[in-house]
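Per-chain residue numbering starts at 1, and chain names A, B, C, D and E are given in the order in which the chains are listed.
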Amino acid sequence: QAAEIKIGVTEALTGPVAKYGVPIKNGFVLAADEINAAGGIKGNKIVLVIEDEQAKKEEAINVFKKFIFQDKVLAIFGPTLSNSAFASDPIANKEKIVVFGTSNTAEGITDIGPYVFRNSVAEADILPIVTKVATKKLGLKKVAIIYGNDDSMTKSTYEIFLRSIKAEKLEVVDTETFAKGDIDFSAQLTKIKSLNPDAVFCGALVEEASNIILQARKLGIPNKIRFIGGNGFNSAKLIEIGGAAAEGSISGSPWFLDDPSKINQTFVKAYTKKYGMAPDQFAAQAYDALYIMAEGIKAISLSGNVEKDRTTLRDALAKVKNFKGVGGLFSFNESRDAEQKGRVLYIKNGKFAIYAE
Amino acid sequence: MFLQQFANALVLGSVYALFALGFTLIFGVLEVITLAHGAVFMIGAFAGLAVVTKFNAGLIPAILVGMMASGILGWLIDLLAIRPLRKRKFHHLAPMIATIGCATFVISISQGVFGAEIYRFPFDFMPATSYNFWAMQLTLLQIIIVGVALALMLIIIFLLNRTKWGKAVRAVAETPRTAALLGIPVERVFQLTSFSASALGGAAGVLTGINFNAIHTFMGGPIMHRGIAVIILGGMGDIRGAVVGGLILGFAEIMSVAYLSSDFRDAISFGLLFIILLVRPAGIFGSNIERKG
Amino acid sequence: MLRLENIIKDFGGLRVLDSLSLQVGEGLIFGLIGPNGAGKTTLFNIISGLSRPTAGRVIFNGTDITHLPPSSIAACGMGRTFQNIRIFKELSLLENVLAGMHRLFTYSPVAMLLNLPVQKREEKALREKALEILELFHLAGKAKRQAESLSYGEQRKLELARALATSPKLLLVDEPAAGMNPAETEELMGEIVQINNRGYTICLIEHDMKFVMGVCRQVAVLNFGELIALGSPQEVKCNPLVIEAYLGKEECK
Amino acid sequence: MTEFLMSFWQTYNTLFYTVLVHGMLALSIYITLACGQLSLGNAAFMGIGAYTAALFTLKLNAPFGLSLLAGGMLPAFVALIIGVPTLRLSGVYLAMATLGFGEVVRVVFLNMSITGGSVGLNGVPPKTELWHLLLVMGVLIYFFLKLKNSRFGRALEAIREDEVAAAVMGIKTTSFKVWAFVIGAFIAGVAGGLNAHFTFFLSPREYGFDFAVDILTFAILGGTGTFWGPLVGSTILTILPEMLRFLGSYRLALNGLILVLVVVYLPNGIITVKKKD
Amino acid sequence: MMLLELKDVYVNYNHIQALKGISLNVAEGEIVALIGANGAGKSTTLNAISGLLKTTGGNIIYEGSNITGHSPQSIVRSGIIQVPEGRAILTTLKVRENLEMGAFTRKNDRIKDNLDAVFARFPVLQKKAELSAGNLSGGEQQMLALGRALMAKPRLLLMDEPSMGLSPILVREIFQIITEINKQGTSILLVEQNAQMALEVSRRGYVLETGHIVLEDTSANLLHNEKVIHAYLGG
């Protein structure tokens, strides 16, 4: 008799943050369907319990409690933003249930406790390499920075960039900020243009990033002045919105859409077929995350006592090593963060390509 | 650089002004701060986008369709959420809350239909060439935006002050009851105002959408909140105020980034608005001709 | 009791009050009349602090109140009604009058929170007094009604009741009889005299000559912001300037 | 049965806590609405209170009561500073001032290091317990009950109805308005402090314009004739989205629709005071 | 045929009955006075005729057709114009614009002449034509309200206390104007507190008491009626 493995997924499915939350959910659903179609985990089907958390911390807490006490799920994925995770993950940790974040990039998330995991790419590993490669290849000397200062993701991109820029001994001629939801960046870019940097480092998510690049070109910042970003750049939307202006933009990430590896191409095809659009990095990470979780579940035998299974799952999950996913080889390090090799990417002829390994 | 920043400010200010025109008009006549104006603005942008992508339409049809869609939405909101209130006594903020409900509804449904991601108008839709004036670089579209904002202001002022129906609108704006006694079809004026003011919001949506390439379900949010500041600053219900207020906010934002710090942009620009209000409590064009006797 | 010294008031380019000086003695019923637009209401607004004179001083009981805010002027013992009726529409009649008594209450926030006897005592006593004032205007029966539901004339009376409730030393009344029929006006005259007998000084603007002649002891006539006549009703009535500007020939019979 | 109740409570206790906190916020704006002022700053006051209380707990290890008190006092003090110049003037003036104020507060939170910038403050210890919330709410209800038929309550109502007329009655309109605003800020700040200590985490984004409007909605929807209105409004609006979960991604649409319907059918709020007319 | 007939009209405000079945009529070319104490329901009657208030019973017949429940603007269009109580002028509009709005329902061509006629009658208004109407003094506002009603070329003028707040000279002037307007063919239903004057200029009168018509007679008779003298003339 096959049992059901209930896993809670809570993401921001409505509200402005839904543009991240929805692809994440899609990634999970795709992976779950694939696993179940292939016979489940040892014959047991995965059942995703999906709830919206609107990117509000109170809602995330409510959903977590519902998952834990009412739905009695085995483990939880989510929430979308680090901010909400800081509010809800302590609850999971206290109740001894695995919470697995796929998009929480803020520092300190896994410090909440031993039950907190994530596979979100640590930009801290890849961005220094991006900076280094770009400096060398482009012969950078002075650079400008623009980032969103009211968002923890973009702010952390900025901080990592700043460190690596210092390490490369580049001169920062100007640092500009913007706020979430801004559409006009002309003032910042006019200022940057007047200072004539060799490149612009950009801590922005894709919708702002693409507009920043577009407006920069309109204001006459030439294409040879490259924009260099974090994994917020890693989305087909950047090409769709930015078009020719985005050509040459550099970023870093373990996964990218046009990665020719077979596993990735299968994923991209299946996702595109199912949802009518290309996956982004958030979807890819969620997709991998469910397979990683499945690895963990495979390693334990379910007792039927959900409290007990939750703790055994934690231990098994922490041991996942060298999992091969769409983002390459993946392991958890001892603090349950992602250990994954990043790649330096750039946009070439309207596609993501490897700038340097 | 100053001249370019000046141009940037002019464009941004005009965008705010465009948004605020309809916003302030509804306030002036219906005495409702319609927090659905952001949603109306968004629907205009999507409607414009839809005709362009589906039927390859040009700028003018895109704007017209955007205005139509927003106008109808605004009219429906008026009909279903505000009009029932007009017939009864109500708390003066009740209609505003009703419009919040409408906004939530419209945005939520649009998210179901369009999803949460962002869209843009096709690349070749507007020529990307820039024109140079002294040291200012502006695209054709940006020039259109500035021109349209100013032209609309003048047209609306003309209509309100010089035409019979315009005066009727002002009469209704002041005291619907007295207007009714003069034979003005008050209800029709309310609905007409809701429609046209929302259509203005739609035009703003389309132009903003084309210029900033960021059409999404939540695009009305950030501009709403600035729109409120603009119409208070300009003088609630004053058409000139909407444009001048919009320009002031645009200049404050751009210039604080250009010469102070982008970190504190919003604090500086809102602080400035606050100081202006200390000097002119009723807004730049607001007047208190309330007689105390 | 009230002394106006060279009051000037301009609105934009328009001079509405021109170097006006005037005195109102204690205990009087003082009438202020004049054509429409002469500046009577403007003068009331200046006296009660709602608008500032362009120049000149307002002295009330020896203190210069020209630049005091309206609430402080009220605290000095000035009450008023408005030509356009400004009652608290959503409150009941009783609450209107109690609000008028605001400055007679003395209990502190602490007394309020702890329900101290001083609060109960004051609330009870003043509530009774409020009903009494309403009774004076025959409104006690409607004390619990919402003020808005009163007819125009009743609203005027309520406003007067509310002004009286502030226990002013000087009561400024702007056209109390507007909207009342002669019988009611007569009744109101009685009430005004009664109020005056209780020791309140009253300064009133009114266009009903019967009213003015019937109750005022002294009358000032304003025309285009200038004082054109001052004296007893009889004197003023037959002053040719007044007849020309304001009364018309028929009144001086 | 008890097991069901247990799991019900475990699941929904945070929701219940939130209902109480939102109730306090609704009361905090009610008192400014009661004198006819429209404040869009209560979310920011809540934010100041939340940060202050959390920092007192985190950095100074202050006892919870002291943290809460500080969380109330600082916003009250700030309200005093912005209230005095703005409340001399009337109309939508306070709305604008508080709208701008909210922006300034957000930017300040973002740019200070002690507040953690955009990352926010995490790891606030869970100190808020049910009885804290009930106690504060109880005190507030007592306060508003007493206020209602007192000279102070009447003065507020008079100011709301007609400020000029109220001034002529000798009511010191400015100081009443400032007091109401300051008390509102205090309440919002305490609510923020309580909230911070059961949600573990604060970020500047939570206290923005949208939430300010939500708070206003609580009050208006519930009705501003009596303080019970805002309490009912906040309770309904807090619970409703949770009850509508089964609708999935369209729950907000229905939420919006319900809001419109309630306003249309009860334009003076859910709780209205009956006066004879 | 009667120009206007009210047949057993009832009006409620929520739960209060303000009109409890009143019947009255105005013949073509007549001035009819409606007098009564404060709160008797006079304004309510006029507002019901103007379509601002819903009747809960009875019929209002104008020129033989039933206009009960018609919208205010169609009633204005049919020639019934009200000069409301308390000078409901549009304070943010200029004086001239107020007057123009008075002619809202009319075709534009003759408005100019009309405006001149009103200015000739009220020179103050011409002097202040370009001022915001809110800045007028009380009396000036009353004149504006009357002038505005004349702009509509009414067939039937409903006047709610037109003499309120006017100086004695102006009161006489207003009554004179009322008579003149009437002579030029406008029928008038006049609500007045100044019962003496109202009965002097009118042909017939009605006395309203707490929502009932209690007396109805020619004005001349009413002027000598004991009860009227006692209650409304201040005898």
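Here, a contact is a pair of C-beta atoms (placed from the backbone, for glycine too) under 8 Å apart; a residue touches a chain by one contact, two chains touch by 3 or more.
Here the structure is a predicted model, which is why all the values come from computation and not from measurement.
Chemist: Stepping chain to touching chain, what's the minimum from chain C to chain E?
Modeler: When the steps are counted carefully, the minimum from chain C to chain E is 1.
Chemist: Common contacts of chain B and chain C?
Modeler: The shared contacts of chain B and chain C, listed by label, come to D, E.
Chemist: Farthest chain from chain B, going by mean C-alpha coordinates, please.
Modeler: In terms of C-alpha centroids, the chain at the greatest distance from chain B is C.
Chemist: How many angstrom between the C-alpha centroids of chain D and chain C?
Modeler: 41
Chemist: I'd like to verify one number: the distance from the centre of chain A to the centre of chain B, where each centre is the average of its C-alpha atoms, in whole angstrom.
Modeler: Here chain A and chain B have centroids separated by 36 Å.
Chemist: If you average the CA atoms of chain A and of chain E, how far apart do the two points sit, in angstrom?
Modeler: Each chain reduced to its C-alpha mean, chain A and chain E end up 74 Å apart.
Chemist: Which chain B residues sit where two or more other chains touch them?
Modeler: In chain B, 108, 111, 221, 263, 265-266, 291-293 touch at least two other chains.
Chemist: Where does chain D touch two or more other chains at once, residue-wise?
Modeler: 106, 110-111, 164, 249, 252, 277
Chemist: Counting only residues that touch at least two other chains, what does the list for chain C look like?
Modeler: Touching at least two other chains: 41, 50, 82-84, 149.
Chemist: Using the touch rule from the top, collect the residues of chain B that touch chain E in their complex.
Modeler: Result: residues 164, 167-168, 170-171, 173-175, 177-186, 289-291, 293 of chain B touch chain E.
Chemist: Can you list the chain A residues touching chain D in their complex?
Modeler: Residue list for chain A touching chain D: 13-15, 51-52, 54, 56-59, 61-62, 65-66, 68-70, 82-83, 86-87, 90, 106-108, 149-152, 155-156, 180.
Chemist: Inside the complex, what are the residues of chain D that reach chain C?
Modeler: Of all residues in chain D, those touching chain C are 142-143, 146-147, 149-152, 154-155, 157-158, 161-162, 164-174, 275-277.
Chemist: Okay, in this complex, where on chain B does chain D touch?
Modeler: 35, 80-81, 84-85, 88-91, 93-98, 100-109, 111-112, 221, 225, 228-229, 232-233, 236, 263-267, 270-271, 273-274, 277-278, 281-282, 292
Chemist: Spell out the part of chain D that touches chain B in their complex, as residue ranges.
Modeler: It comes out as residues 38, 85-86, 89, 91-93, 95-97, 99-101, 103-104, 106-108, 110-111, 164, 209-210, 213, 216-217, 220-221, 223-224, 249-250, 252-253, 255-261, 263-264, 267-269.
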